[in-house]
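My questions all concern the structure below.
Every chain is named by a letter (A, B and C) in the order it is written, and numbering of its residues begins at 1.
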Amino acid sequence: MTPVTVSGRQIRASGQIQTDMKVNLRHESTVAIALLVPAAVALLIFNYYPIFQTFIFSLFELDHTTDWLNAPFVGLQNYLAVIGSEQFWQSTRFTLGFTAVSVFLEFWVGMGLAVATFWVTPALRGLLRAIIIIPWAIPQIIQASMWKWMFNSDVGLIGDMLVRLGLVDSPPLFLVEPLLAMGSIVLAYVWKGSAITAIFLMGGLALVPQDLHEAATIDGAGAWRRFWAITFPLMTPTMLVTLLFRTMDALRVFDLVYGLTGGGPGTTTETLSSFAYKFYFRFVQFGQGSAYALVTFGLVVSISIYYVSRVQGKLRFRQ
Amino acid sequence: MKKRRVHLILSLLLAAGIAVFSLTPLYWMLITSFKRPGTEFRLPVEYWPSNFSLESYRVVLGSDFLVQRAILNSLIVSSTAMIGTLLLGALAAYAIARLKFRYKIQSLIAIQIAGMIPPIVVIAPTFVLIRTLGLLGTLAGMALPNMAYGIPLTTWLVASYFAGLPFELEDAARVDGAAPLTIFWKIMLPLAAPGLFSAGVIAFLGSWGEFMLAFTVGLGLPRVQTVPVAVLSYSQAFQLQWTWVSAGTVLSLLPVVILVLIFQKRVIRGLVAGAVQ
Amino acid sequence: MRAKKALFFIIIMMAALLLVAAQCGPAPTPETVVETVVVKETVEVEVEKVVEVEKEPAPKVTVTLAYNRFLNNSFGPGPAPIDAIKQAVAAEYPNIEIQLNLMPDSVNQMHDALAVWMTAQDPTVDLYGMDTPWVLEFGQAGWAVPLNDQLPGLEENFVTSGLDIFSYEGQRLGVPFWGSSSGLFYRTDLLEEYGFEPPQTYDDMAEIIDTITADRPELTGLAWPGAREESLVMVWADFLYGFGGQYFDESGTCAFNSPEGVAAVEYMTGLIESGASPPETTAWKAQEAQTRFVEGNSIFLWHNHDIVTWLDDPERSAVAGKWGFMPSPAQPEGRSVSLTGGFAFAVNPYTDNMEEALQVLELISGQEVQKGFAIAWGPVQYYRGLYDDPEVLAANQNADRISVVLDSALNRPPSPNYAELSSIVQEEVHAALTGLKPVQQALDDTCDRIGPTN
């Protein structure tokens, strides 16, 4: 074998290279594991172990205590109580309905926003992006306070605008009437969600090759047609990923409900997360709360699995 | 020429419309915060304060509320969590993106699944764990779990970034006989700085906005309230004083909004990279 | 080799990070102040015990009280109760500093905060305000230190019925500092103008409201808190018994959904539907309902007695001299009830400062502080003989007007899971009020949901 020179240094004969590389491979494997261990430990402690522990809690009757070692074992009774509770089904219905409506709305609004950033003159693009991203930066619970004030039925902005536009006679009771309350939560959520969705979709839009558009324009296709025939189909992977993440996010909504309506009026805007939280930290029933939490988890997992099984995308990593 | 003019005008209109959508709630809070306390309930509704007043800011910065303390707390918690997340996430990301080992895909999936867990599922045992560690009511008790919570997204983002980097430098160094760890520290990490930066900002913002843990672990104690918890407590404690709540909200949003505006390009690039890959 | 080094390095970094993070929490260091403390002989037994145990002078200690902002407020001529407490403590125990941990106004939120602290076994708060319906729950969970041995003077100084409210299985759990009774406030001038006597039944009240509002539609008929808050439970209970219903029947079964119970809630929804109570009622807390009456815009008001203290003050009230207070109306088949409320200070079993907390609590159970409450807030305190004191009477000219409701006192439904029961009642009744559910169904659901918990 002739020695090869690369960047001024001599490399040993390829036979030697083979052996070196084998040693390096095993070595590499160890290093990789070592690098993963810290993250794995952190995730084990704060993500995976708690799921397991919550499951344990759910098998005991924990009334005003977390000491499961000394508490009565009740097996699946807590789960039966969950399934038998009308409240649970109502919260589930609302959570699912909320998710469906919110994701649908924020997807299209987000799409509009994303397309807008590409359509406007390049000079405005940066500014527009900055404006769009701001709702994303605001913590959800703070948004709850903001919207509570905006929906105030005496002097709130929304109510006042509606009155000025002549659509209603007096400001509607947004947080008092059930349908309005649900709508209010959806609106507040979509406001932030569309920003996030827009960001995701911007990425997808950027992937669409320009030349396809040019070719289509030459062929005489208008902007609308081009969007639906070219852009939309090509964005499919991005859109699916976006939908997945946004759906999971909507299913576990908590902050907005806690801060804006507290689950009210009645229990109409109670979601699975907010309802489970009540069991933990208001009724102090750790067993039953855990059962609720895990049922929520099961729901999220099954929906995610269903989604993921349809998403086709391979990660381009070095093999 | 004319087409370009029309395009410009339409763009401006569109941008204005979007600005109204995205910024009106903030504008509303800003306006309310400048009204004299009590006047926010006057009818007809004022869209510009007729009695301009900084009274609310004075109150909210005063000893009853100390919003600046909440902001400081959030800064401490989020910075610490961000550093931890970046450290742990970058290491894991490099291993996944660049090194050969078995169970690579499984590792990535395991990490990502951790990120899909709803907070309600982990809150109770985390609460008990933090209690056992004696860290309830402390900032450390909030920072630690947040480090873990940020790992999935950070790993994904940084791994995507690594994946996009050219192999040549690595290969060269490897053939030269350098160990993978040296390659990581001396070559890849500096190269990945932009990706790390984006991931860092996103991780920072993530733990800044985190509520359930901060609320539960902080026990509602004023001295360890982070910004989200503090703002909620204002709106609950004094519901009729919306000017105060608004002032508190405006002040507490300033850091993040400024942060996002400055780094918006990076943030978007980072999130986009994550979504696309 | 390198991998091991790397791993080692990483572990060190993590440990370092953890250590740094662990320091991040504030760590208060108490200062030890050496000074001689004079202890009066007249103080109760347990203080002497404390002195015996601690040979050296007491170090500076902060005792934290958890209560809402009303502790900072005075509605009368005297200082706010927190100041009265601080004064008393400064005189007896100069080494103790009193701090107020401000809690939200809403008792729901107060309860939740306390529940979290107790579950967290957190020592931050030493004394906390305990609401009457929580006693069973807190007692069973062991969240309040039993006081029979610690404060034996209570029996002697306090009216037994007041202490009983805050007792669990024979143990006193709190020192009451304020009690309330609900009733009906009404506009004497309006009733007189239209030739009505104060209503004895709800039908009477309906008639009065119809007549007056026909003539003056801007007035609210009955202002009451219909928000999904604790006060709703009290209002509901009032109507329940007023229409002849009861909480539980002889066999202990939930009786909220009896025909009488349904009639009661239907009356409540009817008030809103007919406009006798405005639609915002379902978002009103006690504060908002009270404002409507105090500003002169309502004929009737359901409220705790406590506003009698300042209702005649023209600076605060537009109805000075024009109001009356009476027991709630009741249908012929029902009985008039007055819902009790009130707070006591209880001791957090997880406090680090047990002795000091008990010392402060003892002072709170003393005449000086109780009088402070009476002058600042008005009635009711359960300290014996307090309302014979001329100063107290001078500050509370309207104290005698409360006596009309005291005989018909009723507690909220007793339950060791009161938080859950209250939540259920609040949710279901609110659902009925907002038209979400038919009244019968809402009440049936209430009983269904409560069933297992009692």
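We take it that contacts are C-beta pairs under 8 Å (C-beta built on N, C-alpha and C of every residue); 3 or more make two chains touch, one makes a residue touch a chain.
As the structure is a computational prediction, the values presented were derived from the model and not from experiment.
Of the two chain pairs examined here, A-B and B-C, the one linked by more C-beta pairs in contact is A-B. Chain centres here are means of the Cα atoms, and by that rule the chain farthest away from chain A is C.
Averaging C-alpha coordinates per chain places the centre of chain B 39 Å away from that of chain C.
With centres taken as mean Cα positions, chain B sits 14 Å from chain A.
Looking at chain C, residues 2-3, 6, 10, 116, 119 sit in touch with two or more other chains. Along chain A, residues 27, 31, 35, 38, 66, 281 each make contact with two or more other chains.
Residues of chain B in contact with two or more other chains: 84, 87, 91, 144, 179-181, 216. Against chain B, in their complex, chain A makes its touches with residues 6-7, 9, 11, 17, 20, 24-25, 27-29, 31-33, 35-36, 38-40, 42-43, 45-51, 53-54, 57, 66, 113, 116, 119-121, 124, 126-150, 152, 154-155, 157, 160, 191, 195, 199-200, 202-204, 206-207, 238, 241-242, 248, 251-252, 254-255, 258-259, 272-273, 276-277, 280-281, 286, 289-290, 293-294, 296-297, 300-301, 304, 315-319.
Looking at the complex, you find that chain B touches chain C at residues 64, 76, 80, 83-84, 87, 91, 127, 131, 135-141, 143-144, 179-182, 216, 219-224, 233, 236-237, 239-240. Those residues of chain C lying in contact with chain A across their complex are 2-3, 6-7, 10-11, 14, 108, 111-112, 115-116, 118-119, 137, 140-141, 143, 228, 279-280, 282-283, 417, 419-420, 423, 427-428, 430-431, 434, 436-437, 445, 448-449, 452. Those residues of chain A lying in contact with chain C across their complex are 27, 30-31, 34-35, 37-38, 41, 63-66, 81, 85-87, 153, 173, 175-178, 262-268, 278, 281-285. Note for the complex: chain B touches chain A at residues 4, 7-8, 11-12, 14-15, 18-19, 21-26, 28-29, 32, 40-45, 84, 87-89, 91-92, 94-102, 104, 107-108, 110-111, 114, 116-126, 128-129, 144-145, 147-149, 151-152, 155, 159, 163, 167, 172, 174-177, 179-181, 184, 205, 208-212, 216, 227-229, 231-232, 234-235, 242, 245-246, 249, 252-253, 256-257, 259-261, 264-265, 267-268, 271-273, 275-277.
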